[in-house]
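Next come two complexes built around subunit A: one with subunit B, the other with subunit C.
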Partner chain A sequence: MYGPQTLTCKNLQEYLKSLSRDILDRLYNHPATCLAVFRELPALSRQFILRLLFVNKPVAQVLLASWIPQHDAGRDVGDIAAEHRQGTQVLLDMCIWQEVKDQQGNMAIRLSSTFRENLKVAILGGGRPWTMSATLDSDPHQRNVEFLDKYAMDRWESVLQFLVQPGRGQKAISRDAMRTLLHAGLIESSGESDNMQITSAGFQFLLLDTASQVWFFILKYLETVTERGMSLVACLTFLFKLSFSTLGKDYSMEGMDNELLTFLQHLREFGLVYLRKRSSGRFYPTRLALNITAGQNKGIIDVPKQGNLIIETNYRVYAYTTSELQISLLAIFCDIEGRFPNMVVASISRSSVRRALLKGIGAEQIISFLKQHCHPQMYKLSSVVPRTVADQIKLWEMERERLEFTEGVLYKDFMSLHDFNLLSNYASSNGVLIYSDERQRTMVVTKKGHPSIKTFWKEEQAK
Partner chain B sequence: MTEEGCLLVMVVDMHPQLAEHDAHTYLNAVVAFANLHLAANVRNSLGVLAANHLESRFLYPSCDGDGVERQRDGRLEMLGQVDRAIERGLKTMAVAAGASPMHSEQSESLLSGAMGRGLLYIKRRETEEVLTKKLQSRLLVLKISSDTGSQYLTYINAYLTAQKMSTPVDVCVVGGECGLLQQGADITGGTYHCVRQVTELLQTLLLMYHCGPATRRKMNAPPPDTVDYRAACFCHRTLVDMASVCSNCLSVYCKAVPLCTTCNVIFQTDRPLVRLSKKKK
Partner chain C sequence: MVNVMKGILIKCDPVMKQFLLHLDETMKLGSKFVLVDLDECHLFVQPEVYNSLKNLIDEQYEKVYYNQKSSLE
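Moving on, here comes the complex of A and B:
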């Protein structure tokens, strides 16, 4: 039996590392990407870059080694040295640092000049503006932040709604969004082409916070970008530009080629940007698009969503919501007991949690979902989700892991106790013994260990 | 990789003595460092205060927002606002300083007051953000003018407050050493460094002050100097090596006095005080 795959979401740094060197070099040609990359680096690597930001000459590696503290009371210097090596390796992997030889022929490090210049431009100014916002006159149909938030949430929830009930919400999302969902393995078609079904990964996706959902979705979308005949570099650059824009401001579509316009249309479908009309020539980024690169670790910059779950220590959950989506999400791991005009009463039980676990959802995911959607009142408690509830959900998950399946070979009907002991001792000394019972003279060894036991037995017999 | 943002409050010395140095380079370094801090992490936030011999002033975040700012060059839109806020605040400060005549008795920058305001700002932000984990914050003091001991008590008060709030106070002094601020950095676990030339300021800030205390421990730093822990006496505000201390309130006096001016305690002695001090020797 194999457990369902857990949903893994790469962060930006891991994603960029998986790209080819050539694409990375082209990405660094833009200030926005450089800044986005810079922000996602580990703290130590960031510090390395800053130290060399204004140093134009290559710096000898001996000097870099001197940055490692030599003596530090109560701390292991070896750990720190390892961290330094790691920080350096990240920079080398991402082609931000280049290894060169200096005049004396020693190994030296230089900060990539394109990266340096563009980072300087992004932070300290200079260069050409890249958002084309200054050319715009004021919009007669100005949209405010609340409108954009609502719009973005509506769009995004329609994608989630589709996931929850693929059959019903068919019309709500476009074929492109569906293609991405299919590609990401969040849904799969069962039998007939029209009938879609949510996968285990899909359930796990639903329980993520919005920021991670958007990032995961965009990552999967980017994987299909080249198939659609669009340039990955152009799309990524645009995405980074978008992520550094200001909420509630309009941006010009001037100078965008057809490729990017298609990309913009797709982003519009997911609610990352708002376009009043195709011909209006301007778009508004929404909160979903801002800081998209920050992924999981952005917290407070997330969509300001009022949580509405109250979780009691008696496993009851009260949800003050009318949203169909919220209720269906709850129903994944709760038993809905009653619906009222403005709230839903549900309870968490062993069977309801097991139902979710069978779908491949982990206990951690359920708990983090509860945490995210908690009513502000719950934050006043010491642990947001009552500890008994959180612990019990974890116990229910562990309960399923009581049985462990291992393939093995059974030996039985030994003629003498001596033979049995001989074999079982040999097997346990080789570490291949799984189970042995002296009374019944039965033992089980792993499949891998079987041939060696066999030869050993033959040798013993031959004596 | 979850990384908490950091609130950096910069206290910038704008004393008229700045004219002796290169003011342009100094301000450039300040603004560049502020920008780099904001850009380094989405969650980083910034507060900038300036102090001269007349007043201390909050520069950023400024309360009078000037509305829509659009991108003018290849820089992050939001960073432009920092520059403009700092520039605007310093201009009004400079005009006000130019208008009033220079008094000889009050010739020191009111850095301690500005530090106090900075700490208050940190405190306010902490209470505002209850839902998030404890806000990481630190104070960075840039000092360019020479000082006397006249603000000794307010300095020490600010340090102890910072220590209690577990907020490190980092100090970077341009020109001569400053023992009083060095004490503050030492008490609160911050870094103290003295830069000879203004031109070295930005690189020093980047090397030593950009990262938080956690990262700082992983980097090699110049060996710390011995801290000058001399106290300033309460009567003349001069730094003293040896002093008389009030047994009631621990006020420091450079000479033995019959009455403590802080807590009004009368020291009862049988013999004249002068002889007592002689006997001590």
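Moving on, here comes the complex of A and C:
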């Protein structure tokens, strides 16, 4: 599709698929990673792995397929086949198993030995202790869960605050965090070196829920670690370990090398871990770090957070908040009408929504932001965001999209109807045909589909 | 011989299509941009005009839109 870029956030699987095989192999060298990866796999893939966990020989693909019932009451045969294909492909893409030939020369499957051994340890125990070791003596400055939650939110909000007002919050975040934001394309420098400006992706980022924000940010951060001279595998392994830790417990920094200590300092800055002092020798993981790999699937992070927005059917929005950040977020797509000591009155209008749309924010994103931050009182209603408001925001968006643009390649002046039908049938069976008119013998295919059509046409001509 | 052209396919309602044709004829974008007039809902245009076309239509739309607030003030 032609149009403004929407922010896409990969989940753990998609991210791991994008890594090279070598890195994945080293990554699987730790039980924590294997367990985290295993948890996020589709049910069928998990089943495959568990059945193969103790089989050291390659297993024929025919045998694998026989585990799946071909007929299931109430389910389409196509659906079952699709699930099968998907379940096996994921494991291939993530290098968890490989296709090999067995002694008879049949196609067979072999579970990666590193993955097998480490998952065994994760599930059955044994091996070296793989969770981070807790310190033996108790901390004289013990921190409780509430403190950690507050700390994490404070840190994270300072990053968001910087995004909202890059000029003002300059001091609040370090150069490292800024570099990540720049790399992620959430901000861009305008003219002078130190003058930052938020991009369209940045606005979309602000309206995401916290879990997705943290995951997106960490992904972008990881892309830059190799440039900083740190090992991606070490950082990822540490993150996975961190995601299995317990909230409100302190862990020892003993045995961490310099690289990991730098990484820890960065995580501290984003509020993923708490360190009282650099040299305190222990750290507390915060809620942001737990289950980080689950991404948007599990909302553990957002549980204690309470919304404070009341949205009325007359497009009025009342926000019971004093948070500077939240008010600036609202101001992205609302007109602020009045500020009171404990609340803000705003209204959603065509022009305010238009302003947001021009920045590249979608109607869906605005609505989901409103949904996330609704006052608990709003949940008693049948639709959390009043339907009139949600629909109107969507209508305002559609009104700007009266033309549908698709980049493509046009073919015309076919010599014969036969040629035209041949090509248009081929294109439509490949799913790249976007327009065809038999009378005028004109057709349009997507830009992506053009090369394959070209080769097909040449082959046909040569016949 | 088959003719091949690169561009953008625009799908819209007949009214908008007429408007686009009008823009093309009066050279509002500086030059002609419609490559092929396909049918009443489809046009094939030059790829370069995407941004300027979008802005122009947005502008036109704002001009004719009745804005309650600003008319009250």
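Here, the second predicted complex is superposed on the first by the 381 of 463 C-alpha atoms of A that agree within 3 Å, B and C clash if a C-alpha of one lies under 4 Å from a C-alpha of the other, contacts with A are read in each partner's own complex, and residues count from 1 in each chain.
The criterion applied here is as follows: a residue touches a chain if its C-beta (ideal position, glycine included) is under 8 Å from a C-beta of that chain, and two chains touch if they have at least 3 such contacts.
Model, not experiment: these values are computed from the prediction.
Of the two partner chains placed by superposition, A:462 touches none, neither subunit B nor subunit C.
By the touch criterion stated above, A:411 is placed in contact with subunit C alone, subunit B being left untouched.
By the touch criterion defined above, A:124 reaches subunit B but does not reach subunit C.
In the superposition on chain A, A:402 makes contact with subunit C only, while subunit B stays out of contact range. Touch criterion met: A:349 reaches subunit C, while subunit B stays clear of it. If you count the residues of subunit A touched by subunit B and by subunit C, you find the higher number for B.
Once chain A of one complex is fitted onto chain A of the other, the partner contacts of A:434 are limited to subunit C, with no touch recorded for subunit B.
Listing the residues of subunit B that touch subunit A in their complex gives 1-3, 32, 35-36, 39-43, 68, 70-80, 129-132, 202-203, 206-207, 210-212, 214-215, 217-221. The touching residues of subunit A, when paired with subunit B in their complex, are 11, 31, 35, 38-39, 42-44, 46-47, 50-51, 53-54, 66-70, 72, 75, 80, 83-84, 118, 121-131, 133-134, 244-246, 249, 291, 294, 296-301, 376, 379.
Residue ranges of subunit C in contact with subunit A, taken from their complex: 1-13, 16, 20, 35-36, 38-39, 42, 44, 47, 50, 53-54, 57-58, 61, 65, 67, 69. Subunit A makes touch with subunit C in their complex at residues 2, 349-351, 399-400, 402-415, 419, 434-435, 437, 440, 442, 444, 447, 457.
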